[in-house]
Amino acid sequence: MIWLLPLPPLLAFFLIVLVTNKKKALSHTLGVGAAALSWLGSMIVFVRALGVEHFGEHAFESVVDWLPTGETALQIGVRIDPLGAAVLFFVAWTILMIFLYSVGYQNFGQPAGDHDVKGLPPHGATVTDNMGKKHTVMSIEPMYSRFFAFLGLFACGMYTLVVSNNLLTLFVGWEIMGLCSYLLIGFWYGKKSARDAAVKAFMTTRIGDVFMLLGIAFLYSATGSLSFEVIFAEGTLHALATTPAFFGFSAAGFIGLLIFIGVVGKSAQWPLHVWLPDAMEGPTPVSAMIHAATMVSAGVYAVLRMFPLITADFSGHGLTMTMSIIAFIGSFTAIFAATIAVAQNDIKRVLAYSTVSQLGFMIAALGIGAYVAAAFHLITHAFFKALLFLGSGSVIHGMEHGALHTGEHVDPQDLFNMGGLRKKMPVTFWTFLIGGLALSGFPVLTAGFWSKDEILADAFGHGHWVVFITLAVAAFLTAFYTMRQITLAFFGEPRTRAAAHAQETPWTMTLPLVVLATFAIGYGWTGIPEHFPILGGLIPNWFHEFVGGTLAVHPEVLEFSIWPLLASIGVALGGLSFGWLAYRKVRTPRQDRLQIPVLKNKWYFDEAYDFLFVRPAAWIAEQFSYLFMDRTIIDGILHGIARGALFLGGVFRNYIDKPVINEFFGDGTGNLVKRAGAGLRKIQVGRLQYYMLASLIVLVAFAVLYYLLLA
Amino acid sequence: MEFLNSHLLTLILFFPVLAALVLLFLPGEAVKLIRWTALIASLVSLGLSIFLWRQFDPAAAGFQFEETYTWYAAINSTFHIGVDGLSLTMVLLTAILTPIAILASFNISERVKAYMMLFLFLETGMLGVFLALDLLIFFVFWEVGLVPMYFLINQWGSEKGERTLWKGIKVQARNYASLKFMIYTMAGSLGLLLAIQMLGVLFQTFDLLVLYQRWTSLSDGTLLGLPVATVKAVAFWAFVIAFAVKVPVWPFHTWLPDAHTEAPTAGSMILAGVLLKLGAYGFLRLVLPLYPAEAQRFAGALAFLAVMAIIFGAFASYGQKDFKRLVAYSSVNHMGFVLLGIAAAAKVGVAGTDAALNLSRNIALNGAVLQMFNHGLSAAGMFFLVGVLYERTHTRNLDDYGGLFPLVPVYGGILIFTSMASLGLPGLNGFVSEFLVVRGSWPILTVYTALAMLGLLFTGAYILKGIKQVLHGPLNEHWAHGEHRLAEIKAREIIVMVPLMVLILVLGIWPGWLLEVINKAMLMLF
Amino acid sequence: MTASQIVFLLSAALIIGSALMVVTTRKLVHAALWLVAALFGVAILYGLLEAGFLAVVQVVVYIGAIAILFIFAVMLTRKEMRDTGPQTRRSWPLAALLGLLVLAGLVFLVLDMPDVARTAVEIPAEVDTVGALGQALVSPEAYALPFEVASVLLLAALIGAVYIASGQKKE
Amino acid sequence: MNIPLSWYLILAASLFCIGLYGVLSRRNAIAILLGVELMLNAVNINLVAFWRYLDPAQMGGQVFAIIVFAVAAAEVAVGLALIISVYRSRKSVVADDIDLMKW
């Protein structure tokens, strides 16, 4: 059963690519159908998991031999434990919603565009209505089928990752998603920016991936297995924790660090965060959402998975070196990305930086050992961030409609082109508002509040003051930029005619919004702390019980403290109201005080990386490796040898063969004979009697000689 | 049937030559007939090889299907051939790639007969190296393979292109490349020949199985007036350099980009697909078993060269403007991993006592052999795809392409697929072998393995650069209209790619069937 | 002085005189005729030496065929080769000197020979020299082979002469 | 038969030398051949004389004389044919003029 989960989308991928590429309706039916099948399977697995007592100790697992390695074999398999089940739940839901949403977003049912070409966004089509009047309407995506194929492959990767019982297949899923993100960011490959963003995304994550690969190799050689069950056995962990590795790390810590670097790439943590905002160059909020809300979660999921390993030498107080690094990177990213988000005007970019920031929260939580809190925030965040991305997609879609309708050329993603959309797009507005409030951590009602509060409480409870304060400030900024976004987009008056003519999107798009909005509120209730005033105890803290059961030692329940609660309520409400007040009247970017160049330009990281890494790499590749080393040095040596041989040959030829052999011996003898011949031929007169005379003279002479000398 | 079983290897080995002789008597104008005859002949070889694969018993020890004939009695060299799992894998690779390459060269229209005959000779040469169990036979086939390839590059190579030598002397690129290929390989194998002669004189036999026993057990005393250890070390390097040139290992690699770039498409396919494997095969078949102690001693140096190949291969590839050259350099990069695995195995040696290290050694070897096979598939595919593009556009300059995806969607899809295999995307074959090599080398050569990751990173960079420049980006209008309009990939060309792609995918998902054989062979090798 | 000695001396005088005339006379026809005389003298010597068969052959073949052939040749070519002008080369004194030197050398050798002044013994009456000659020429033990070779040579000469002199080659 | 052998020999030698002189000094090719004939006769005289004076039972001398006849006949036939042939093409029978084959 679990084996089959990733298969339907994969089959859909192959079928669409190989067979139904030309048939748009069939393609999306296949895609959505496959997603629905996987969703159904996931729900069955999830429900069955709920029915098992102490599920953590009785996880579903199944393995096969994959590779022979000497006398032994490398096994791969699937495993669903509480963490896996919880993640599977949200993955199945979001993926199904994405598939459904894509049908509407890619304009299924609309006519083909007038000048649309593959590789570029659709530009709209002209239709003539019954009255003979011409309208410009949105046109269907030229590569509609291909989009669903990519989505299918992506879903396959994500399911593979979640159901894996070992690091290797997890890595396989991880990389397949990397490929899909590359393909989807570069979906409109005709755009130069999209193309470069795709390469950037792939390369940046690959930096992390190679470290992760090393980590996997290290882990495999240290334990002889990659299966979670084997690795996380107490004896193995103990051995790993006590084996010293490099630079003062224990083996466990070092492996954890290597894998964490992979996560840094995948989850877009500082300093490898640069790809994610650029990934918004990707064509649609849908694809952006895929790798921003879903795929990046995979990184956090991997750290969650590796949590026992990372904390293997963690004694409960005093973070290990690896954990400190993780906590530092997480909290730094959280606040760093939040500062950038406040100055972005692109609705998708704001969300992208917000995602980076929120992932920082989770990573920081894991760094300080708050396992359950991180998992909780991972899932709630996935729901409400998916909601927000889809909502922004809906906004953009509505704006595009308006832009086409009015013929106005405006950027449909720029917040300063919007305004007053709440009346035009009510469903989108309300769901977006719910998502925004959840992101801000609006007290009690939203899921985001419960999860974020738990992280803050954990940091506070264990005395990690720096982390606590940093995250609190980041949370404040989060609430602030969220409200800024909502205010600019939905409140006030339309800033452009396109905004004034924006239209609500079709049901295929709004339905997923509603579903996700439900989760954005409701999921929080599964994890209300037991000791929370009033509400605590009304509903049991199911999430803590269930997911906590994944770990060998069930994490203890935190003592309740009022301070973190007050802090989180304070920053959420403060940020929201501050954002509302500050942007209520803002009409143009000029009036925005926060358009500071350093924030707007993302602290100049792109430029710095370009200067520090990209260009030197290109220089090393082109100039040093190829032109200098290969062509100049190595080929130079070869040519030198060749020249030496030629020179030697020349010497032999010019100084030995030619003068001595040819001229002296060869030509010399020849000339001698020739000259002699020339001299001698004069006596060859051709007269018979002359010869006879001569021979006779010789004969006589010899006879005389003979007589005189011998006789 | 009985005959087939007892002479299977000879049949596989000489069938191509037989077919080449048949071709000789066909009229030169009957181009179609010649092409199909050559293709069918190579398919027969493939069929026989698959039969061999089915008959082969991976669990049995030693060599199978051995055949011994008198050959050169005066110097005690016999025609001794046989297969184990390692040879079998390589024979299979050769047998698979040759028909594909022949099919790929159906567009060759000048001197088809000579071309096809050379190809079939080439196949015999390559198979001979993999099957030989006698050093002299090995060397003979080793050199036999050079000649057809020289002519293929020299006569059917790309006509354009010049190479500037010193003082502004210009030569035609394909002449330069073929000569470089030939001389470099020959020069490299001189030492090998000497060392082989020494062994032959010493033991009065060239039979590999005998030499395995006797040469390795020779440890003290003097040889030729020198200590045995010194002689062995020198002979070791003679072997190593011969194979290193062929693999090719940095810094002996510069013939490769030239030869690959100038060779005709099918030539590049075979060159990258099989010929490079001859070197790696030499390492596994001769160097490691004959010189375990020396290999252990110099493993660090080998690993260093391997890592240099991985890193600088990747960098140099990234620095290319010529698409084919980019792919050519990727071979340096990928074959570096093979050597890294071999170096790791050498470092542990035969007599490793640490079980964990022995395991790592076996994994590294498995990875290296699998990488040989995988690289054969993906490199052949990549070269073919470059050839398809070149045939249509007559340019290899990456800057001349751009945004071709909408024009050739099927081609684009295939190119991305194959590139991803070359990049080592999990789920495709390249990943499995690279992972195994990294896993096997990590505990043995930690620092080198870590450095190799830099190369792995840039593998991604150059592959993406290729895709980006060719398929993505704004469409270069030059190829969109009129006579330059880029044609989609043809059915024949798709048929060429299909077996490669299927194998790439199958090996990526379920490599067990192949690794089972390799694994057993590697266990027996040590 | 016996009769045979006288006959010898007379024929010797004839031979030497005729020969001298052959090599000195200006007119080639005369030279050819003088040759006939010289050959006739030789035939007499054969008779004197009791080689009757040879004497007859000398007369028939030499005089009857060869000498006549010469006369024909002379006549065929005489149009150009007038009997005027020098018939001898400028180096004739040198030739004469050489001839005399060779003669001197030969005479010296002859006189140096042992028992050179011997006289011939009688041929026994029962010996038939002509018959013996015939026997020798056709006997395989004796000279059959040289004889046959000579006949082949003659044939070849015959064909060659016809071919060369026919002048049928028209280019 | 009381003629000493030396008489014959000296006669033959004289005849030979006269013939030799003729060969060397005459310009006309036919005259040269005449000289050759004289020399051949001189040889024949020697052959027959030695036959007669040494052993008349051995027929070698006479046989060789006959072979010399044959050779002489052949020589004259071919020689004269050549001369006539040359004469036809070059209108000359002077031996010194026939020097085509010199360098």
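Worth pointing out:
So that you can tell them apart, the chains are marked A, B, C and D in the order they are listed, and the count of residues begins at 1 in each.
One rule holds for everything that comes next: a residue touches a chain if its C-beta (ideal position, glycine included) is under 8 Å from a C-beta of that chain, and two chains touch if they have at least 3 such contacts.
Model, not experiment: these values are computed from the prediction.
The chains other than chain B, linked only through touching, hold together as one piece. Of all chains shown, the one whose average CA position lies nearest the global CA mean is B. The chain pair with the larger count of C-beta pairs in contact, out of A-D and C-D, is C-D.
Chain B and chain D have CA centres that are 88 Å apart. Chain geometry summary: the mean Cα position of chain B and that of chain C are 93 Å apart. Chain A and chain D have Cα centroids separated by 118 Å.
Distance between chain centres (mean CA atoms), chain C to chain D: 6 Å.
Listed for chain C are residues 89, 91, 94-95, 98, 102, each touching two or more other chains. Residue numbers of chain B whose C-beta contacts span two or more other chains: none are found.
Counting only residues that touch two or more partner chains, chain D has 20, 24-25, 96. All chain pairs that touch, listed by label, are A-B, A-C, A-D, C-D. Those residues of chain C that touch chain A in the shared complex are 89, 91, 94-95, 98, 101-102, 105. Within the complex, the chain A residues that touch chain C are 689, 693, 696-697, 700, 703. Chain D contributes residues 1-11, 13-22, 24-28, 30-31, 33-35, 37-38, 41, 44-45, 48-49, 51-53, 56-57, 59-60, 62-63, 65-67, 69-78, 80-85, 87-88, 91-94, 96 to its touches with chain C in the complex.
Per the touch definition, chain C reaches chain D in the complex via residues 2, 4-5, 8, 12, 15-16, 19-20, 22-23, 28, 31-32, 35, 38-39, 42, 45-46, 48-51, 53-54, 57-58, 61-62, 65-66, 69-70, 73-74, 76-77, 80-81, 86-89, 91-92, 94-96, 98-100, 102-103, 106-107, 110-111, 113, 116-123, 127, 129, 132-133, 135-137, 142-143, 146-147, 150-151, 153-154, 156-158, 160-162, 164-165, 167. Residues 681, 684-690, 692-693, 696 of chain A are the ones touching chain D in the complex.
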